[in-house]
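One chain, subunit A, links the two complexes that follow: it is found with subunit B in the first and with subunit C in the second.
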Partner chain A sequence: MRRAYFKFSWIAAVLLAPQLMIIFVFFYWPSAQALYWAFTLEQPWGGGNTWVGFENFANVLSDPYYWGSVRVSVIYAVATTILAMGMALILALFADRQLAGYRAYRIGLIWPYAVAAPAVGLSFQFVFNPGAGIFSYLNTLSPGVWDPSVYPWQAIASIVIAGAWKQVAYSFIFFLAALQAIPRSLSEAAVMDGARPLRRMIDLQLPLLTPTFFFLLVINITDSFTDSFGIVDTLTGGGPFRSTDLMVYKIYTDGFQSLDYSGAAAQSIILMLLVMALTFVQFRYIERRVHYT
Partner chain B sequence: MIERTPFLNIATHVILLSGLVIIIIPIWLAFVAATLTLQEVNSAPIELWPGNQLWANLVEAWTISDFGTKFLNTLIVATSVVVGKITLACITAFALVFFNFRGRMLIFWMIFITLMLPLEVRIVPTYAVAANALSPFQTILEVTGINWLINAVSGIEVALEWNLLNSYTGLILPLVATATGTFLYRQFFLTIPDELVEAARMDGAGPLRFLWDVLIPLSKTNIAALATIMFVYAWNQYLWPLLVITDRANYGMVVVQLSDLVPDQLTTGGGTPTWHLAMAATLVVMLPPIAVVIFMQRWFVRGLINTDK
Partner chain C sequence: MAKISMRDVRKSYGKDQVVHGVNLEIANGEFIVVLGPSGCGKSTLLRMIAGLETITAGQIAIGDTVVNDLEPRERGCAMVFQNYALYPHMTVAENIGYALKVAGTPKAERMARIAAVAASVGLGDFLDRRPGQLSGGQRQRVAMARAIIREPRVFLFDEPLSNLDAKLRVQMRHEIRRIHNRIAATSVFVTHDQQEGMTLADRLVVMNKGVIEQVGTPSEIYDQPASTYVGGFIGSPAMNFLSGQVDRATHSVRLASGDRIDVSPAIAARNHGKLVQIGVRPEAMTMVPAGQGTLNATFEFVEELGAGRLYHMMFEDLTLTVLAGDRQTLAAGAPVGLHIPASAVHLFDADTGKRVEAAPLAVVEQVPA
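And then the complex of A and B:
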């Protein structure tokens, strides 16, 4: 560590105070509040909260709607991650060959990262609209066959495609950066051994991408749990029949529309534990990667 | 290294072009919709080639959504969040790296853990705090009995209140804390050689002068990289402004405005859905961050890769 220090003085305290104050008020306090709400129940006629132990969790976990929400969240997480990472990996491997037009391809695959989730949701609502979008072709062939506001599986497919579309750019940027970090001498050695470009992709580049691959896997899954609100809110609104009621969206509707603070808090705690577990896995892996390089 | 791989090169172009086409299709359809009239946009089969109503639709979408005020608001909030995040990241990391005191690691970990508490999972209680940002302190005063003590001694009832709803402060403050930015700065400060600190001290520079005259000029790259990703992040905020701002006429943000443009029964009252306006507005709203990413590409990619690993 560093040897040349300044002595601790009021300056350091003043520099640290703003950030610590903000994380106390907006991160730690609300999280503690969520814990408090999760284990208590507000009395219907006022008079504060009473301790109810794990009752709120028991209610949440015995609610079939909650399990429906978990189910669709998992489907969404797995499907968007596979679609986005698969597409990003293939595109990055070929873009990395740096043929003519490389810069144009790269910019063309990066910019979707900047599009706000609700804008993605709204654009795809138009694309999937049964009356005006491109899928209305299906309805001219056989009326009523396509309508995401009626058929749950079509609604789920819509949010998955919109979510994957939004995620491709992020994975692409990381895959491409990782590919470009592969030392040129390795590729040249492989060429000397007579490996053609496709052979090098499979036997050289893919194995060297493993750390990036796992990193992106965790990030994509975490993002799909937390970052999906804007897409669901503008694309399906959680419907039809709660079929796209992702966990984050359910916390929002239970908390702000049903005003069930205790139920929403219990769900928040469960989701928080999930995010923590994923983050933990991610940092365990990063610790490992330090040894790789 | 020269290889002749004509077939593979053609295949590469085909694959990359189809990737581009897949990415561009939804936005192209949105763009085409934004150039059509109400009748055209709702007639099947849909148009695949733009019409001539783009400007008229943009103007109409701009007026009905009152985008003038909202763009200004979004710009104010996004800029403040960017400046706030970079300042906080820089001064926090500076205090953690260049000062010697107990509890450095503790504070570092406290900031680190906020990574695991994204806004979406603590949204309900965070909203409750925004209704009165001083409520944590009020509760502490009450639980510890200090409030009772003050009341007994001076007869004053302490009631702290600071409502953040419907204000710029409420939009900005909860978003400026930044674990990733603090790490990025910490990593950078750790690479500063000890000799530089010693030389500065020898020349009689105090910590603040060292920060301002030596470190900040050195960290320009960091600032540019952080600024691009933070701008995109702040511009695209949706859930938080949706909750905190009920007075949309004065404090509305453009991205939130999109939720009002979803052409369903609520907005059209059973009339023909106004897709052409919704898509025109969507295009306008998504344009500024895209422009930032394209024009600041180098900084953007660097910022993204450095903060997230």
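And then the complex of A and C:
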């Protein structure tokens, strides 16, 4: 590979500065703050922070509510990822086959990606609301069967559906682009070899999608761990009975509502390490099985 | 094994017609080469036979079955694509055996046939590689093997050699011909390389802008091109063209310059006064001392071809080329006489471009090259 080497120059430094500033202000500085808080405790009556070592982490990890939060976060991440990627793949396969109207829904499917998470949560309020939403129809059949503010599994299902709906768009775009990058002559060769559409999908399209699939898996898992706050906040507020108290949401409530900065900071660090570990595992064990062509 | 017959086959994309009424009968076991410039509709024609493109009008039959509405898999054709279209995630063996796998052939039989076919094209040692780990020529062989293993009735080739270097191309050309002879399928081979076409074909089909200009054995097409287009397209270096008018009295064609080129008396008698294009192949003209030939031209420069030399002359404002075996040294600007025997002259109608004959074209019995 060819590499270019540049001498240090003031122009380059000046041009880089704004971007570096932004990264510093919005990433390194808060991260450093979080680290500081995670290992210190604010004294009850003022007087600065005292160093407490791993005590904050020990407190967090011995809290059964925290483990509940981890459990539901994992459920949420796995469920939204499967749902979003599955839907995106199916839709992309159909869009790629250019069935009637594919142009319209190709555009329609890209929109949700531009919608902010709280807006998604709000709109799904209208879907899941037990009194007035679309799902309230269930209650006319048998009063009281549908109420996410009462039944934990229904609350989880609601945030999973809303979260998946938001993520479908992103995966769809990538799947569709990858499908369209498969040379037409490959499908034609398979046609000549006698393979019908379903067979071609299984033997040709899906294997050739594996690099995209892997990329989307990493992105979706990471996103569902870190980017679910808006949906939980607007849709369930973490309830009922903390059943949808995802890790990011708990960080927010502990930090900004209970004002336990140190606990929240420790949780942030744990979440960050968890996401890093997951990404590492995915690269280490799944990427090997991917055909890069 | 099957004959192919095409009746008034047309293809339009939207309002654009790109194939305009092709009629062609291909005999069982024949090797047909479709030759034409880029964009003339060769691939489209081939893909219509394969079933990858629908037929806008007309009829295609393979064997005794009209295949217009049959799916590609029901037509018994195998195709070799220009870019090979190998499945990148499958090994060579899986690529070759995919059609059998789809057809549900038992694994043991499949493996045996893959091994046999791979060995026959010299791929025995590469069965476990992926296409990405093969050279261009090896990929080409995989594409061939994938087509052969199905034992197709019809072999379709869409410029399969155009991505190979010159030497390998000649080698693969021979190999394709050998395979064709061995499995005795009917082959249709598309190319824009006339040398490839001339050497491979039992019969050549010359296409231009969606119509067939001429069908015939390579030597028929070379010796009696049916139009100025075919004359100019087939043969390298290309045919020389001059315009003039037929004169019965002197049985010659009078050029604008006043020079006369002799033609056979029979042709002159039938076509008196007709405006024509004269075609003369570079190797059919000879250089003679100035003033002694049919025309007088000015020498410009020479191209060395190894086996001979190509002399470029100016005549009026035309460039004429003469291919000669001997090596003459001429100074640029030197006057040269050109001798054009009546037997070397091809006459074409100036308006239609069609060949002008003394009598309706005799059926030439020739053994395919």
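Just so we're on the same page, the second predicted complex is superposed on the first by the 266 of 293 C-alpha atoms of A that agree within 3 Å, B and C clash if a C-alpha of one lies under 4 Å from a C-alpha of the other, contacts with A are read in each partner's own complex, and residues count from 1 in each chain.
Just so we're on the same page, a residue touches a chain if its C-beta (ideal position, glycine included) is under 8 Å from a C-beta of that chain, and two chains touch if they have at least 3 such contacts.
Note that the structure is predicted; figures quoted are calculated from it, not measured.
Look at A:Leu204: by the touch rule set out above, it reaches subunit C but stays clear of subunit B. Residue contacts after overlaying the shared chain place A:Val275 against subunit B, while subunit C stays out of touching range. By the document's definition of touching, of the two partners only subunit B reaches A:Met87; subunit C does not.
Judged by the touch definition given at the top, the superposed model places A:Phe39 against neither subunit B nor subunit C.
With both complexes superposed, B is the one of subunit B and subunit C in contact with more subunit A residues. Using the contact criterion defined above for the overlaid structures, shared-chain residue A:Ala195 touches subunit C, although it does not reach subunit B. In the superposition on chain A, contact of A:Ala177 is made with subunit B only, not with subunit C.
Within the superposed three-chain model, A:Tyr66 lies out of touch with both subunit B and subunit C [touch as defined at top]. With both structures placed on the common chain, the touch criterion links A:Pro30 to subunit B but leaves subunit C unconnected.
On subunit A, the surface patch touched by subunit B in one complex and by subunit C in the other comprises residues 188, 191, 196.
Interface residues of subunit C facing subunit A in the complex, by the touch rule stated above, are 50, 52, 72-73, 77-79, 81-83, 85-89, 98-99, 102-103, 132, 146, 150.
Taken together, the subunit A residues at the contact with subunit B in this complex read 2-9, 11-12, 15-16, 18-20, 22-31, 33-34, 37, 87, 90-91, 94-95, 97, 99, 101, 105, 107-120, 122-127, 129, 131-134, 136-137, 139-140, 165, 168, 170, 173-174, 177, 187-188, 191, 196-198, 215, 219, 226-227, 229-230, 233-234, 248, 251-252, 255-256, 261, 264-265, 268, 271-272, 275-276, 279, 286. Touching subunit C in their complex are the following residues of subunit A: 183, 185-186, 188-196, 199, 203-204, 207-208, 291, 293. Those residues of subunit B lying in contact with subunit A across their complex are 1, 3, 5, 8-9, 12-13, 15-16, 19-20, 22-27, 29-30, 33, 41-42, 44-46, 88, 91-92, 94-101, 107, 110-111, 114-118, 120-129, 133, 136, 173-174, 176-178, 182, 190, 194-195, 197-198, 201, 206-208, 210, 232, 235-236, 238-239, 243, 255-256, 258-259, 261-262, 273, 275, 278-279, 282, 285-286, 289-290, 292-294, 297, 300-301, 304-305, 308-309.
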